[in-house]
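Following this line, the structures themselves.
Shared between the two complexes below is chain A, which pairs with chain B and chain C, respectively.
Moving on to the complex of A and B:
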């Protein structure tokens, strides 16, 4: 990973229009995230559930001694959890937060595909409507030879502040119910 | 590499310790003047001297100029020319405060505002009045010190080897067409000027009527102490080549020893030599390195002030030479005993150790599947060692509470003076240790409790006499360890809590209902209620925007508790009970469905079996426990977990403040000690769970936040009392 980042920095220096993305499937669609955010990819499992959480919070995992929250991307995008399969895995990402730098998060996806290098010329703005997910979640669209790729906006999809307030609301609602 | 700002911050840490020390000692002298001995006076003098010397080294010239007279005062006391009486102590305490103020400005890299400078001058004037004629000889130096124009480079220049050049320009310098400024510019092109101190050592001019040589008006009287980066000898020689003949230009090689300086001074008239020595001491130019430890002084922070003290003190007074070796040994051995380590390094280490502990536990559980006995033995040994290391690592963060307590000497003294009360502060258990982060976080609540006791608890001397008590009130701060926590008590022998008044105020404010029948303890606890205040006792002392409810909240946020014991007419005791550290928790592990939870052990009072009559209940309910009503909640229902039927369940009885509650769990897994892992920002608004902990198996257990759980449950019942269901 370190090596690829170094290579990328090198390339960026030469032609700033190229960027690398990790592509993966979730909820039957193909999405991508800028690779600079991705720390590692681990196999799915060992998740400790936390009670009274919104569906997209799967729980926490023990990542070599650190407690890392795990987000179900499918649930965050469509409100429906990933059905665990052979290819299900957790992508560990580092997202910047407003307060103190970065937060480590685990993101559950149906399966990772490949690392793509895309030219900014290949990217287009997301459509105003018509997509299955919130449009502000999409940073850009890329037309590949055989399919359409949605590049996610990490600061929106994985916004720690927004998710934390959803956590608070869900818990409150749950408490009122019984 | 250290830069100037880092050096300053190291100095400030040291400096604050010294000012704290001075304050303590001065208060001690005031308290018991007879106990004053030469050793104490010497120590105070050394402290003031070290502040001045080190401030010079790091370029805080305000501090140098100000501290000079304070040091002089201590010197006079030491020389028995001045009596250390209360008025002098008062002024010295205020001077001490001013030094701290200057430190604060230096820390924030702010210029000292004019008002503070004036205040400082005022203090110095007052202090100067105490000094004997002997001491006042030294005062012109102080004026000189403040007139010096230091140019301090804020880069790491001072850490490069520097050398000191002393130039006394010849009288004819200007007339011969030389310009000192041009010389400096020339030097500055090639090397870095770290500091330049200009001054004009002329005493009052000769009477004009007697002047015969009119050239005297065009004489150059400038002297310059220049500190530059070393290694440019040729350049310096070139710069000063033409003035060499008529001026005194002396190059001190980098790290010149005291002997070199003394040799140079010996070549001058003795009066001038003395003056220069004083001046260089003041500016911190006098050598601070000893022959044993050369050139490392600046980088080894801890040694710096100690050596300054030793060297400067020995240079100052020849008769001290005999005393010096012992002082030096003392300073050296102190360095060996203490080491300054940034707190984050310790935190890092404690975290890594936490991981090591977990890894070892994993190893041990793997071991159980093996049959190799020697391997098992080794693993056992490693486990033991890791446990030992962990406890000693946690020990590293422990500090004595004495320092925090001692701060209250001054607070109590000042408040007592303001209120016209006579109060003696007693400190017990100052050597009790607790975690550094804990110390930082309890000082505010402690301050509030002390102010409160001074203001509301202790009476005026007349009142005390009328009540048949000694006119001097007693305020005691004590600390001791008790079963894995630290207990801090703030005790006064004042009037105690006026329960009638508290109750009527509470009813007035609607905190309790008129008909409520409360026990004495319950009434006392009312002062912790939010919004409670005995408003007719308005004062600026205990009303500093923090109510007693905030005190309690702060203590509870540290997983601690507050209790009050009050006897009318005899006094009040506030008892704080706190865990020793925030990083580790003594936990009680339980299982509900397939989730594991940890309950802080200090809150668990007992475990009982769930009565058969409640076994089928699903919502919160209550039962009789030895004559008391015990409300209990089902954790699986609260957390919406799916439980597989099981025969026998238990109730964990927890206690928090005045509440007692039961938590129904499936299995009790026993107590254990664990490192707390915060859950992070994502869960910051979550209630009921305060953190997590990694188990030996690698699984994560969640730590229950009992106070919040109980509060939540109570709130719900107050909001919707109809939902309350009685099953028994």
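Moving on to the complex of A and C:
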């Protein structure tokens, strides 16, 4: 097995059609993110809550001196916060923004599984219905031996602008209420 | 009407009946004629008869009274004569008796006094003998009691010593038993401690295994991060990605192993916990039993002590009783000295009687002075106050010269 994996890895090094993904669980479903977007994975904890934020913004963390906002993916996708467990962790991702830079974001997930290498032949287009989420959040679907894996589109799911507008709307609503 | 009837019937009857009827007819005719005078005549006759009768009765009664009075007077006279004679006879007899007494008095009294003296001496002798015998008997009783008290003392002392020794021995042996039980209990408690130690160690192991789990999780995360770094390094990181993947697998295996260990540990802990609980319960039970045994043993020892105490007390009481009896006997022996006093009293009395006898023997008439002299001599010879008191009580009218010397 070790040998075959090594062979596989060797093959992927040659063929550009292979791409690596980080798989994780959130909201009871298995998702994947392109590994090049992922910077690192850290243990859950040390989150400072920020008042008057929508539920999917869990707060900010201090990541080696940099203040990084943390998004709850489950809340973003299903409107339901993650239950903190042993395997809960924060995936630090780099999302490209409009100003030709990248924004670091922390994403709270139920648990990280593994790094998968998928052939483009294994990927299919997202379905038009049948999923619990907006299909534009899904970049593609991967057929694994026993299940399907949703590969998230980070520029949609973790769109900084959209989230900022959402925050603004929330603030506006809150101001009106006051 | 009747007459008519009678006349009618007479016609048919005999001549005699006719005569009677005629007489009755005549009588009735006279009665009818002089009927008013007849009652007065009868009254006069009756009164005369009664008066005559009274006179006769009174005469007879008076005659009878006179007769009876004369008879009584004669009888009284005769009786008075008899009484006079009897009196005279009595007087004569008395005179005779007096004479006799006067004649015999001197000799008889002397003899009587002599007899009395002899009797008194005899009584003294008897009393002396009896009291001497009694004294000897009481002395024997006293000695016997002394011996008994001595024996009782010895027995008490011996008993006390033995008893104390026995009680002490029992106490020591029972204390040994309790010590042995305590030792057994201590060994058991050591066992319990070791079991508890095992349990604690198992808990520590669990904690350590949990830390292993945590480490494996961190390694997993580290390996993922390594994979990410390798991917970001592009082609150069390919080999490192393989290493990272392998590390991740190893961390998974470690986590599984740790899980398994934790499961086994749980089983072991529950078993150890159960045995520890049982052991603790058993230990407690043993402790209870030990405490109970100690209590019982001390109770038994106390009872034994109580019994010993009672026995000792009884022996002491026996001793005391014997001593009291001995004391009483000693007092009784002292009391026997009264015999001496009785003897003295009797001796004095006998002396006095002897003097009286001598006086009587001298055939001189006793006069009051002589008797007083004897009495005073008797008084002077007294050695005891009670004798003098008694003498003074008997003859309080006579005065005596006090002899101050008193012997005891």
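Basically, the second predicted complex is superposed on the first by the 163 of 178 C-alpha atoms of A that agree within 3 Å, B and C clash if a C-alpha of one lies under 4 Å from a C-alpha of the other, contacts with A are read in each partner's own complex, and residues count from 1 in each chain.
In the analysis below, a contact is a pair of C-beta atoms (placed from the backbone, for glycine too) under 8 Å apart; a residue touches a chain by one contact, two chains touch by 3 or more.
All figures in this text were calculated on a predicted structure; none of them were measured in a lab.
When the shared chain is aligned, chain B comes close enough to touch A:164, but chain C does not.
By the touch criterion defined above, A:36 lies against chain C but remains apart from chain B after alignment on the C-alpha atoms of chain A.
Applying the stated contact rule after C-alpha superposition, one finds that A:148 touches neither chain B nor chain C.
Of the two partner chains placed by superposition, A:125 touches none, neither chain B nor chain C.
Of the two partner chains, chain B is the only one touched by A:60; chain C is not. In the superposed model, A:102 makes contact with neither chain B nor chain C. Chain A meets chain C in the complex at residues 2, 5-6, 9-10, 12-13, 20, 22, 35-36, 38-43, 86-87, 89, 112, 114-115. Within the complex formed with chain B, the residues of chain A that make contact are 46, 48-52, 57, 60-62, 64-67, 69, 97, 99, 103, 105, 160-161, 163-165, 167-168, 171, 174-175, 178.
By the touch rule above, chain C contacts chain A in their complex via residues 217-218, 221, 224-225, 227-229, 231-232, 235, 238, 241-242, 244-246, 248. Interface of chain B with chain A (complex): residues 351, 354-355, 358-359, 595, 619, 637-641, 677-689, 692, 694, 698-702, 712, 716.
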